[in-house]
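Below you'll find the structure, written out as structure tokens, and then a few comments.
By written order: A, B, C, D, E, F and G. Residues from 1 in each chain.
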């Protein structure tokens, strides 16, 4: 029965391949079909989540029926089960949003790319094979390239070009890393690599790990490898931007975490972590500073998102279980908040014809529900208690302190202060500046936004069950010994 | 013995590379590519013989097809026929 | 000569493809043959319209005979051409006298024209530069006659007597 | 060494020789047209020699006759396509404006093109005149 | 100039670093681990004699499904990005009769050859991707020769979809019959072709998948070519 | 240094050099492709075993006479991915050129800051 | 339901209801009830402070615990009382249901802060309080709210980090456990044993708490938000804001002593008769007194005056806490109570004036005593109390404080405290004359006296000012209870410190007589002199408006000019400059880093690769 979790991969593919055929019969059915597929995907993801969290055991999908490391396996542990659900749900909501947000043709192609972006991220977080990770990373990246350029403006193309060039360099070096690891161990399965990690030649291992992380860090938007991100975020269709921020970057972050921890036996591991902490820190600082005086709100959110991603990376690189759990929690919270924020900003841009901050003046009067949603999201990101992000920031602080990284704490403080500055400016513009006629807000989108708002507040007020889940998810990445034990490795040993 | 021929043909490929790098016109370079691909096809067939594996002949054939169409594509592009 | 029937063209295409398949697989394994037949039928169905105009008409004994006879003739021309090339290339003085000349052909069939053009290209000192209607423009490495008639006599005529039979 | 091997080897040798000639021609000839003249022909003939030779050689070397049909296919493919690509290239070279070598004696193509242009030009003028006439009505 | 020198210094250092790491992986040594397992079990597990193909389609079928998806994304993406209301070819000159006739004559042969490549994937170095690429080449040649030529998207796009659906469906049948997604039920459950190893009709679902991939890749690459070659019309 | 390793690293670096120094977007993309080629060559080289043949178990090749099939399978995938990326990149560049009328990276910077 | 839970959550729930119902009349009733419940329960719990009442709110991740003791009952009392008065006054001045929601929410917040028994509960309610008060300011003035918000976030995160460090080391947020652990730490330090917290970490925690509580208490130089925030909000609410919310900062400092005072004292040693860490607090408190007082004197806006005054008064409390003896602590707590009472009252008075006249600057006021006799009477009490004139509560607390500081032989602090008192007189004179006496602008002819709710609210606070002033022993008794020993002796009317005595009752009797006489003189005199204010000449020339030195305008201009150099040093401006500088830097940085050229971006990748390579080689 658990093998049916492979539907998580099969369904989006099936959906994407079916669209060209569907289009021939009814062009108008494509977008509703997209919503339907993402809805079913959410259902499957919910089932998988339930399965994993009730049994407490990961689902190991054996593609082709071959046991790893001979075959490729999917490892849907606590992390993947959780994030598969996040991805599916976010995709579903954004598919709903797309009904309204996407008017540029060819929509059937958009729907296909949309599904494949979702597929790519799903694959990245669930695969148990390092080359398969590369394949899913490329699926994600290439559909992201296409979607970034989808609007076909010069700027969109420019953004996509930057993404392609940087992503291309990243993926090439990632593959060099794979070649090094493979050349040294003769296997690609992550659990197998973890099991044999002590056998790798230290020089090779160090270079290999560094290159793998380098490649992933480009997609994970770590400074200074993230220069593509603000442009892509700004120019992609609004639902896509939300997806980038909500889960695409998270998938890369996860992959980074997974790769780091399966190779934790490698000599010089600590210094790689330290390097990553430095990168993460710079990501936070530069991201926040760049957001500070942005006049385009979407771009501002993009930088804000990058800064949060830096925090997540720092959490990943703390090298402790608490750090990972906090990091995962922050990923989760950030996914919800940024899905909401980009949805809202996109909706505003659609209704009012742009995302410049001037468009947001008087938004409280024009689009009160949207303005409210943005406000809640902003307040949450700043780290106000009783909103969800507060808890993950607290956990990050605790984890950093436990790991003797006191200055990370100062980082979070400073970052939050800067966040507070620019978000308050936005909130002020929305509620206390400008006038305007009330715009009829879409009921469906209002519902979606309020759902996310409710989620933010529910987690803020009652974080326990979520935190428990996050700790399990964090331990899923951290506890490599358990990971190796969970994967039914065939005895192919040197 | 086959190795000698392999070397001979490889030398011819290297020689024709001179024209590729030297130019001076784009047409010269494409001609060089055309010749190089033809020579390489022969080289591949000889390699198949060297390794005694007929399956490599398929590779040579695929290569010949792709190279041919590629060269024509370049030519048509140069001419403005695309 | 007009187009042959669809059936004729289809069968001719399938036959050609099937023979090529046999060559490709170099095998009479029934599995290969069967699959080859199937593929020939499918690919033939997709492509016969562009592949041939005359269909089975190509296989008339006269044409086949002339075609067989043409092979050694052409090969010999080609070897001569290459010796000529070798001479010009290896000769320290590089003896050439190039130019573009025009020839006329009596061929009207496209495949025939293609065969003529290819033949010209592969034989002594000439490359087909362009074909417009019945006018062939030819780059000649050692121009011996600039007039259309003279050039035609030297370049196209020798092939045409075969090609006319095979393709017209 | 079997007869087949011998024949095969001789063919390969001849082919390889022409390959080298082809490369030399590519280097030595003064313009792209003459380079094509020499290189294409010898490369094609060389291919026939090398590829078919290899097929025959395989009878002795590998002990299989199954090489011959496939090498034949490759050889014929090259025989058919090399002149086509050469033709496409030379036409492209000419049309993209690569000049003939200064020692060239005649360019009939240029003359033909010019007269063609004249014809086209007259045709164009006529069409314009016709269109205008229609407008007047 | 400074940029160039700096770039050279950079790449030399980076190259030295990679070389140092590679130095620890001696070239040409047998370090196979999983690879060895494949070589020893490939025929029994999959019925293919081409171990690469078995790895591609069976053992690492997931990668290949992903690979197919990547190409599908590219084809879709290119079509999405180059989509205009009206587009057409704007080539200046048609190919000469040599080229057009050559294209007509070569089309069936190249297509057949593509089919040959993908159907023999388990026996020779071919497979769905080179086979599909070869087929696409035939169409590309048509685009090169004729300035008015255009494929019929009404056929190509659904065909692409059907081929993809077929692949996923084959995988799902495996899930239904053998309990695993992409399980080779033809070989492992039904045992069809077990006596045929080394001949055409063997290797379970490999020929089927490679046929589907061949069709898919052929249509996709052709579609990409079509999109790239056309240009938007005024106001399109 | 083994020549195959050397060549693959050289290709990767040449590609990187092009990306870092060429102003024309198309040349940068070519640089990326060269890098990819280098990486593929590297993968193949890593899996090569001296004196062995392609892992197709016919014509007398037994498992102990074949090279590692995995890198070859990986490279097949990597090549296709490279082609896909290039196709995407080209269509992006087509759109870009249509709008900006330039392929100079120094002029393609409307998005900044 | 648990009494503590009722105290903490009733205002919030009432506020939510008031907001949802949004019907004038009903929301006021609901709101006032919401503030009355905590007050009632606080009164009821007076007898139960020793019973260890507690309440746990399980959030899962952390438990939020609340418990009652004598100390926090004292603060609870301040909060509930002044809070109730402010809410009552809000009946008149409340503009909309928004204000009801957030005013009550902030009351919940501050009561939660006082009742919290662990740091997480403390922090969360601290944030609720901050957020709600921010919303109240935001409603009136954006710039002020932004400044308040930023400093609050700064403080909040400082606290959060301190919490984090403590939790990371001790694994608990519970006050008792932290206190215990810190005692152990202190002994360990004293005996040179290993400690969980290094010296640096202890210093860091101290610094973080100093920032966190200092912001809320308006301690110099973190006070810059306060003048704007206190003045730019509903003035009824300002009574609570300044009277109660600032006490959360004070309470925080007290908590700091309780949790880790010993530890800090031992780690960092003493300074003269006090501890180093305490002296820092006290010294900053002293500066706060002076800066707040001087600036208060220079204000032309009545609200601003009291805002600065509030800051200045908080300085006294900080001095008391910083000196750190039992007596000075008691003095600080006492003054916290006094300040809440008289500053609450002041803000209600200001609220009434603004409500009735719609004016906020001294220039527009005058002669209101006649029109608003009741309010004037209230102002009279408040002025006397703030000025520290017996027998009002302000005197009692200030007297104890003076004694506590002087007795510790801390001359600088003593000087600051005395200077503060002097300057206090200065600005009070301004308030007294400019608002209540002198010529009344014609527009104010129809001014009415306070409406009933405000009058009631003022009366309540005034009553406490008087009662606790006459019977300071009531407070002393409570304070002694908190400290578990008799620090301040005496009886109901007499405070006996051992080296000084104060008999409130005796002074009351002298004063009643004095006031009666003064009142008679004033009311008679006011009829006699009626001089047009603008017709003043200086050296034969008409003075410009700039130099129009009436009591109502630019009265302290000479002072201003004297202090010109010092006034130019504005921390407010400094922070703004730093902010602007950071933003400019960020602007330059981002345009430099994200310069738009993809090749530059590729170089970034190459640089990272180079770093990896160099580090790998």
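Before moving on, here are some points about what is shown:
Everything that follows uses one rule, which is that a contact is a pair of C-beta atoms (placed from the backbone, for glycine too) under 8 Å apart; a residue touches a chain by one contact, two chains touch by 3 or more.
This one's a predicted model, so the numbers in the text were calculated from it and none came from an experiment.
Among the remaining chains, those touching subunit E as well as subunit G are A, F. Graph distance from subunit D to subunit G, where chains that touch are one step apart, equals 2. Taking the mean of each chain's C-alpha atoms as its centre, the chain lying closest to the overall protein C-alpha centroid is A. Most remote from subunit A, judged by the distance between CA-atom centroids, is C. This structure's chain pair with the greatest number of C-beta contacts is A-E.
Chain centre most remote from that of subunit D: G (centre = mean of CA atoms).
Rounded to whole angstrom units, the spacing between the C-alpha centres of subunit D and subunit F is 31.
In this assembly, the C-alpha centroid of subunit B lies 22 Å from the C-alpha centroid of subunit C.
Per-chain Cα centroids separate subunit A from subunit D by 55 Å. In subunit A, the residues touching two or more other chains are 131, 135, 138, 142, 145-146, 149, 152, 157, 161-162, 165, 169, 176, 180, 183, 186, 188, 203, 206-207, 230, 290. For subunit F, residues that reach two or more other chains under the stated contact definition are 12, 16, 19-20, 28, 42, 46-47, 54, 56, 58-59, 68, 70, 74, 77, 81, 84-85, 88, 91-92, 95, 98, 108-111, 113. Taken residue by residue, subunit D touches two or more other chains at 24, 36, 40, 44, 62, 66-67, 70, 73, 77, 80-84, 86-88, 91, 95, whereas all remaining positions touch fewer. Remark: subunit E residues 91-95, 99, 110, 113, 116-117, 120, 123-126, 130, 133-134, 137, 140-141, 143-144, 147, 229 touch subunit B in the complex.
Across the complex, subunit C meets subunit E through its residues 13, 16-17, 20-21, 24-25, 29, 31-32, 35, 39-40, 42-44, 46-48, 50-51, 110-111, 113-114, 117-118, 128, 130-132. The touching residues of subunit G, when paired with subunit F in their complex, are 587, 590-591, 594-599, 602-603, 606. Remark: subunit D residues 9, 12-13, 15-16, 19-20, 22-24, 26-27, 32, 35-36, 39-40, 43-44, 46-47, 50-51, 54-55, 57-58, 61-62, 64, 66-67, 70-71, 73-74, 77-78, 81-82, 84-86, 88-89, 91-93, 95-96, 98 touch subunit B in the complex.
Those residues of subunit E lying in contact with subunit F across their complex are 3-4, 7-8, 10-12, 14-15, 18-19, 22-23, 25, 27-32, 34-36, 38-40, 42-43, 49-52, 54-56, 60, 63-64, 66-67, 70-71, 73-75, 77-78, 81-82, 123-125, 127, 129, 198, 224, 227-228, 232.
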